[in-house]
Amino acid sequence: TLQHIFKEIFKAGLELQKDDHRKALLVSRKKKPENTIVDIKGEKIGDGSQYFVVGPCAVESYEQVAAVAAVAKSQGLKLLRGGAYKPRTSPYDFQGLGLEGLKILKRVADEYDMATISEIVNPADIEKAIDYIDVIQIGARNMQNFDLLKAAGQVNKPVLLKRGLAATLDEFINAAEYIISQGNGQIILCERGIRTYERATRNTLDISAVPILKQETHLPVMVDVTHSTGRRDLLIPCAKAALAIGADGVMAEVHPDPAVALSDSAQQMDFDQFNEYITQLKKLAAVKA
Amino acid sequence: TLQHIFKEIFKAGLELQKDDHRKALLVSRKKKPENTIVDIKGEKIGDGSQYFVVGPCAVESYEQVAAVAAVAKSQGLKLLRGGAYKPRTSPYDFQGLGLEGLKILKRVADEYDMATISEIVNPADIEKAIDYIDVIQIGARNMQNFDLLKAAGQVNKPVLLKRGLAATLDEFINAAEYIISQGNGQIILCERGIRTYERATRNTLDISAVPILKQETHLPVMVDVTHSTGRRDLLIPCAKAALAIGADGVMAEVHPDPAVALSDSAQQMDFDQFNEYITQLKKLAAVKA
Amino acid sequence: TLQHIFKEIFKAGLELQKDDHRKALLVSRKKKPENTIVDIKGEKIGDGSQYFVVGPCAVESYEQVAAVAAVAKSQGLKLLRGGAYKPRTSPYDFQGLGLEGLKILKRVADEYDMATISEIVNPADIEKAIDYIDVIQIGARNMQNFDLLKAAGQVNKPVLLKRGLAATLDEFINAAEYIISQGNGQIILCERGIRTYERATRNTLDISAVPILKQETHLPVMVDVTHSTGRRDLLIPCAKAALAIGADGVMAEVHPDPAVALSDSAQQMDFDQFNEYITQLKKLAAVKA
Amino acid sequence: TLQHIFKEIFKAGLELQKDDHRKALLVSRKKKPENTIVDIKGEKIGDGSQYFVVGPCAVESYEQVAAVAAVAKSQGLKLLRGGAYKPRTSPYDFQGLGLEGLKILKRVADEYDMATISEIVNPADIEKAIDYIDVIQIGARNMQNFDLLKAAGQVNKPVLLKRGLAATLDEFINAAEYIISQGNGQIILCERGIRTYERATRNTLDISAVPILKQETHLPVMVDVTHSTGRRDLLIPCAKAALAIGADGVMAEVHPDPAVALSDSAQQMDFDQFNEYITQLKKLAAVKA
């Protein structure tokens, strides 16, 4: 077994290298101890305050987006989300308004002085999209669409990167590394629930991912309470947990009339629910609103 | 397809019955809207305050348990856990002190005026055990050991029931129903992490289980932050999340010298860590300590 | 980092010990290279032939069991399963006939010269049960009911041990070690599907568990196609896969009239389906029937 | 509860519609009962014979690919895989030779009269790639890269679509529908293991997916034994199971010298192992080789 011991020492050496490699990641806190702050039109995500992102699942019309913007603005929020390129399980579901949707977002953002976040799914659309939006979202289904990550890394625009449906934290961190390795370090990580056997919620919110990601990386970390739970009745308690555990922000979907929404109708809040949501959460300590 | 419609109506009828059946569960909040309060030597779990349970993974000696009790008591805590019958993956691992361990717990509890919680794994041990402990714990591996559940339901002693390693919330609720259906309604549910693909933590803390269980049942709900994370560095943030989301209590393991513990050495807190833990958590609103 | 290298060497040493420990398990093939053969009234499970176990989910009456036995016997089978102590998610579901069920099994076994397999769930029932049945089954929910495993290890009777709902293979092997460490090495392992996110089947049949368990241990390995799939239409293809990959036997549920069965009505075969099942599988090479 | 019954009838109606919708999918066997046969240079996948696909994980050089082609050809195989665009967890791992890799594949295919399969990850590369390869592979990480699926649906070239890391069968079928809905029905589905809690294998081979996919769709179904297990020692038994359960083909990785491979070195077969693999599998009934 002396031979075996040598083999093990060799293996340990390999592990050591791997560990060093991880330390060497550009997103690693070992590489850069201080927090990265992502500035979105003056909102400084990662500065210790806690921010809210709200908006409809999908951009459906100017009127719909403007109505949400008005309500969000009246609560002091500045970050507006809305999907224009919608990844949908079935090809026969509403696929989003595409570039037209981005133009609506820009018009609303200009009128309400808000910043917009929207998902891009094709590397070829990045260049064009950044004229209209303030944050490029990369969705769960594209977390390992490496050409998309590289394209997002080559522009000077913040990126909100969502964790994959069943991605490990190690894979998630490496996906962020794809972006930063191309030169763009303005990255916000977003926990959005993982796929497990449990069926009471749409996904399982992995709340402990937040402190782990903040320990391992210097990037800000948000929590999407809508997609992690898929249940309107869990948005407030889960957002409280996210804020208590130290998330830099919380994301949730709001729609003027969820029942007729073209996607995710079961989980978006209406305006009354949104006002209740934001009122309860504003009481918590570090909230910026 | 008319025939098909009839079939569907029939199926809907069946679903309806099933739904009614769920409503009819004795643990259901639809059956009893007000919170159940479990009284453990004067600590009223479920009354709106938030409680702490601490103690070593396993009872190893009188000195060890007494040392933990002294520190816990000095922080104002009253609920002491400690394992005497230890379910271990390997038959060659330390299996606990058995009845001797329960006697140690009782001696310490008497001396420090604390209440004790300990896991029982064999229905035949219930009768004897209740002379020594204040709460019967039923562990994750035994959540569907139905004879054990029934035996616990036949005594007049609070039961702390842990969620199974990969139990759905529906199965968890039904396991509690096994206990209450035998006459004993003094049940505390305990989320302790579920088994998923993620390897950064020992299990994945399913934080959204807390509000769901509190909605669906009238029972108090605790969170075990030690077993859900398996990482000492995540205990404080996860406990904050648990308290923020509305858990009735938080459970964690404390050991005088974790490095030499006979089980779970990697995840128990030492006394300095415990004091830091309790100091930080006491600041939160509803904490009783 | 020299210090780090020493730490790693130390860790490697620990791993090495752990590895040696695994080799040292009594169930390990490293400990005993030749196959264990479990003799059940002359059927030699593990001898290279492939065997069938069939029977109803639950023993409901003498007539029901005898009807299944007659059909199975006419196909040349000898191993009859039937549940008397039924672990059910809800306390209000049929819980089995208990000892009465075991007596029915024995009467049928005597009349048809067959061997019987039935699940025991309480350590206190083992002694009594072995007068009536030929194989003690330990079910998925009790795979880590260590007192039950120990009790089964203290009698001289074959044990069929099912893999837990979400047990790793390492935990499964250690559960078998609990039995053998008490002196009883007549153990058959049974893969029965694991809990995953996929909902098309009741569980996910982990077919690769079969060659892994046969490599790692010297015990025979069966596959329960009924519980792993929960779908009658998948029994034949999955049984073919199990036989092709080298399982020592395949287990499936058969009921005279599945539609009125007191449990698992959606997945048991009726007699026509059973005859088709057995006819197709008998064509495969190593089948003993 | 009359109102409730009406609600349920309404819900049943919705379910019914959804069910009809599923029936209406172009990939559904209800839409087209007969098997789709995908013709790849004369190999007719889906015709009832069973085919092998082999090749290196990544194209590294002309010499490497030619060496594998020579050995595969000598065993009568015609389908050669090799990755040119490699999706890798870390941006610092070997990313593949890109277009240069496709050119090497084409040169080898021409010289050995074989057909080639290679993964494309960017919709913008599809047009160019189809000049060099015979089958477009869409990998697990891109199963819901919907723009890539649509692009693959717009060319006249067979597509091998792998199941996502944690995709449900329903999502997998809908991903295929994205391709066929654009006009390209030459689709081969490929089960490649799913992500579960089990760590003994890289993924868990969901063998029952094969009969389900063949029931639900008219498309041929292959099994990738390399990625599902991640273990060289499981390739033969898992391939036997795949063939026994009715897969139309089996895919595995072969490399002239796995130890120095630029990716997946732990799981590729060397030539001796490949010859043993193919020899054992050829004995099975429907194998075409």
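Per-chain residue numbering starts at 1, and chain names A, B, C and D are given in the order in which the chains are listed.
One rule holds in what follows: a contact is a pair of C-beta atoms (placed from the backbone, for glycine too) under 8 Å apart; a residue touches a chain by one contact, two chains touch by 3 or more.
Note that this is a predicted model, so its numbers are computed, not measured.
Participant: With contacts counted as defined, which of the two, B-D or B-C, has more C-beta pairs across the interface?
Facilitator: B-C
Participant: State, to the nearest whole Å, the distance from the C-alpha centre of chain B to the C-alpha centre of chain C.
Facilitator: Measuring from centre to centre gives 31 Å for this pair.
Participant: What whole-Å value do you get for the distance between chain B and chain D if each is reduced to the mean of its CA atoms?
Facilitator: 45
Participant: Residues of chain D that contact two or more other chains, please.
Facilitator: In chain D, residues 166, 170, 195-197, 199 touch at least two other chains, as defined above.
Participant: Could you draw the chains as nodes, link the ones that touch, and say if you get a line, ring, star, complete or other?
Facilitator: complete
Participant: Can you list the chain C residues touching chain B in their complex?
Facilitator: 21, 87-92, 95, 121-124, 141-142, 144-147, 150, 164-166, 170-171, 174, 177-178, 181, 195
Participant: For chain B, which residues count as touching chain A in their complex?
Facilitator: 166, 168-170, 194, 196-201, 204-212, 215, 228-229, 233-234, 237-238, 240-246, 284
Participant: Okay, in this complex, where on chain C does chain A touch?
Facilitator: 1, 4-5, 8-9, 11-13, 15-16, 166, 195-197, 199
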